[in-house]
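Two complexes, one shared chain (subunit A), two partners (subunit B, subunit C).
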Partner chain A sequence: MIFDRWIEWLPALLEGLGVSLALTGCVALVGLPLGLVFGLLSTHQNRLMRTVFIVFIEVFRGIPLLAVIYLLYFGLPSGGITLTAFVTMVIAHGLNLSAYSSEVFRAGILHVGPGQREAFASLGITQTRGFFHVVLPQAMRAVIGPMMSLLIMVFQSSSLAYTIGVGELTSKAFSIGAMTFQYFDVLALAGIIYAVICIASSRIASNVEERLKTGR
Partner chain B sequence: MDMTENRVLLNANSISKSYGANDVLKGISLEVHAGEVIALIGPSGAGKSTFLRCLNYLERPTSGGLTLDGEQVFKNPLNPSKHELVQLRRRVGMVFQSFNLFPHLSVLQNIVLAQTLNGKRSKQEAEEYAMKLLAQVGLPDKASAKPSQCSGGQQQRIAIARALALDPEIMLFDEPTSALDPEIADEVLKVMRDLAETGMTMIVVTHEMRFAERVADRVLLLDRGRILEEGSPEQVFTNPTQERTKTFLQAVLNR
Partner chain C sequence: MNGISIETLFSGIGAGLSITVILTVVSFVAGSVLAVPLALARTSHLRVLRWLAIGIIDICRGVPPLVWLLIIYYGISPLIALEPLPAALIGLSLISGAYLAENFRAGIDNVHKGQREAAMALGLTPTHQFWRVVAPQAVNIAMPPSASYAVSLLKDSAKASIIGVADIIFMAQLEVSRGAPAVLVFSIAAVLYLLVGIPLSYFSRYVDSVVRRKVVTV
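Right after this comes the complex of A and B.
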């Protein structure tokens, strides 16, 4: 029975899932703050500053993630820099996420209208304080939905780490497949695990979004 | 009751504002005495709101200067420092046509925020003061509500409390009731009338001629970037000197 084998494989796959989730978490920790900074700088008043960061964002959105992973993992050692597979993945994917999330943050910041900025300015609140206490909290509420979809995509594409040997979910499933030749069965189970996590997260995300909306 | 003192609180000296070739304000000068209530009236596009917004530099005048309580507000009015701007705005309160409350904060937090961020009061003092102001505008039970749970008239009263929380020396009102139904507008106008009676110095851009007539000490009629008519409400409303004033008043009063 397939279910018996699934139960047998489950501990190894859950271990892989742990690595996938840890990877996603680390990528988010790198990519989201960077994305916020890039998003801010791409709306900067200074035109040169704005252009530099818009170009940076476009380039990183243009290069396929796998190419960046290979560039860092196989290319950097020839320059004398060797990174572990996990760290390579966090940097490559983090930069990729920063480029995509910067667009979302930018939209969120622009979504807060000029009336709000005038309101805090007229109260003698400085630009910086007003940004952190008035603009950013509202921008965050506006972007929470799109940001969760982005993180779900990060979780899914964390499977690319398999190509450089990080022991995450896909890679665990693949090695079980290689040992048992039951590729279909084990990859199907891995697929179900991915799907369960993604569906659960997007349900939680829309719940949070809904709650924030009614709280307004 | 006239609360006006002789002291000149705010002096706007020949304020001009141009957008490219479009001269919106053509050198408006105004002395505002402490405790005085001034109504700015006039047809739309006359520059009333622009002039008001020049008084707290939300709009930067092309030329002209400001004096507050006898002191120059800016060393160089054409290039004000951030510090000077912040200092001016802490002394000059503003209420907007569209309220502009902070939607992510509770009503109480809306009134507390600037007090604590500007280091004016501790959190606890700020909250106590906010509650006092909410009672003053008749909304003590709305403290924990979100702005979206309040009616337009309530939101505007909260916005007034928010501006008052910094103990401004002068309050600017930019068409505070234009976004409200007439019966709702009355509750806001009542709060403003009460405020005027406390001796607050106020400049109000308004289309409410009855409010201007009853509450203002002085009425200014702006037209095409200039002061066309100026005087006590009686003078302006019953005995205007300019033909253009008569046409404008007829148009608004017969509406």
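Right after this comes the complex of A and C.
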């Protein structure tokens, strides 16, 4: 029976799932702060600065993640830099996420109307303080929903780590498939695990977004 | 660089360009065809049809594209022998069908209710109400997000290289295995993706601006 085998494989796949989740967390830790910085710089007053970062973001958004992974994984060793597959994946995916999240942050910052800036300026609050205490908190509320969908995409794309042999969910499932030749059964189980997590978290994300939209 | 010139690398990797374009175009077209019945079922009055459509769409989108490709290529091949290219086309079409169905659904939902009421008041049959009044406007609303989906489909198509489809990334890996420097090779691959992707995303912005002028939404 397929279910007996599923129960037999489940521990290995759950271990892989742990790596997938750890990968997603690390990518978020790299990609989100970097994305915030890029988002701020792409709205910078200095035109040259702005252009440089907009070009950087557009280029990264236009390249498949797989190309970035391979570039770093096969390219860095020839430059004398050797990183583990996990770290390579975190860097490649983190850069990729930073380009996508910077757009979300930028939209969030632009979403806060000019009236807010004028209000804190007239209260004598400095630009920097006003930005961190007035603009950013409001931008964050607009950002949370899209950011959650981005993270679900990151979790899905973490499956690409299979190509460089990070032992995450897809790698684990594929190697079980290679040993038992029951590719369909084990990959289907992996697919179900991915789908359950993605569907559940996107339901939560849209609930949260709905609640934020209607106000507290 | 033992006799490897940038020109030969470009033509070597560029040999995969046509496959990448075929993957993107065919799965976008096939996905659009699949998306119509899915979107109709998703907006149906019948609860069973609606749930069925939601289930199919959620599963197609919830399983990562790479896992779909592996399931179709390695999982189904013992039953039906599939070459890598058809396997990738089937997988990408399924996924794009699900994403486009959601776009079409949003298009149908966002046509103003008054339009259907007006059609009803004019005595149009329900079929005519939908196909003559609602659908043409829904298509307009669904067009911009679908055009920008085409850009992400182009990047998703890179995953087909993993099951052995000879696209840009696959040809790039081939060049690396022949001893070309990886940073250069994958930078060239990136440039090729940008050459297709940037015009495509400009086109999607153009579609957006045209539609914005034309459509009145809720």
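The rule is short, and it goes like this: the second predicted complex is superposed on the first by the 211 of 216 C-alpha atoms of A that agree within 3 Å, B and C clash if a C-alpha of one lies under 4 Å from a C-alpha of the other, contacts with A are read in each partner's own complex, and residues count from 1 in each chain.
Note that in this section a contact is a pair of C-beta atoms (placed from the backbone, for glycine too) under 8 Å apart; a residue touches a chain by one contact, two chains touch by 3 or more.
For clarity, every value in this text was computed on a predicted model and none was experimentally measured.
Of the two partner chains, subunit B is the only one that A:Q138 touches; subunit C does not reach it.
Once chain A of one complex is fitted onto chain A of the other, the partner contacts of A:E210 are absent, as it touches neither subunit B nor subunit C.
Touching more residues of subunit A than its counterpart among subunit B and subunit C is C. When the two complexes are overlaid on their common chain A, residue A:G191 makes contact with subunit C while staying clear of subunit B. By the touch criterion defined above, A:Y183 reaches subunit C but does not reach subunit B. In the superposed model, A:A67 lies in contact with subunit C only, and not with subunit B.
When the two structures are aligned on the shared chain, A:G124 is found in touch with subunit B, with no touch to subunit C.
Look at A:Q116: by the touch rule set out above, it reaches subunit B but stays clear of subunit C.
Contacts of A:E15 after superposition on the shared chain: neither subunit B nor subunit C is touched.
Of all residues in subunit A, only 115-116, 118-127, 129, 133-134, 137-138, 141, 215-216 touch subunit B in the complex they form.
Across the interface of their complex, subunit A is touched by residues 56, 58, 82, 85-90, 93-94, 96, 98, 100-104, 113-114, 117-118, 146, 148, 162-163, 166 of subunit B.
Those residues of subunit C lying in contact with subunit A across their complex are 58-59, 61-68, 70-71, 74-76, 78, 151, 155-159, 161-162, 169, 172-173, 176, 181-183, 186-187, 189-190, 193-194, 197-198, 201.
Residues 58-59, 62-68, 70-71, 74-75, 78-79, 156-157, 159-160, 162-163, 170, 173-174, 177, 183-185, 187-188, 190-191, 194-196, 198-199 of subunit A are the ones touching subunit C in the complex.
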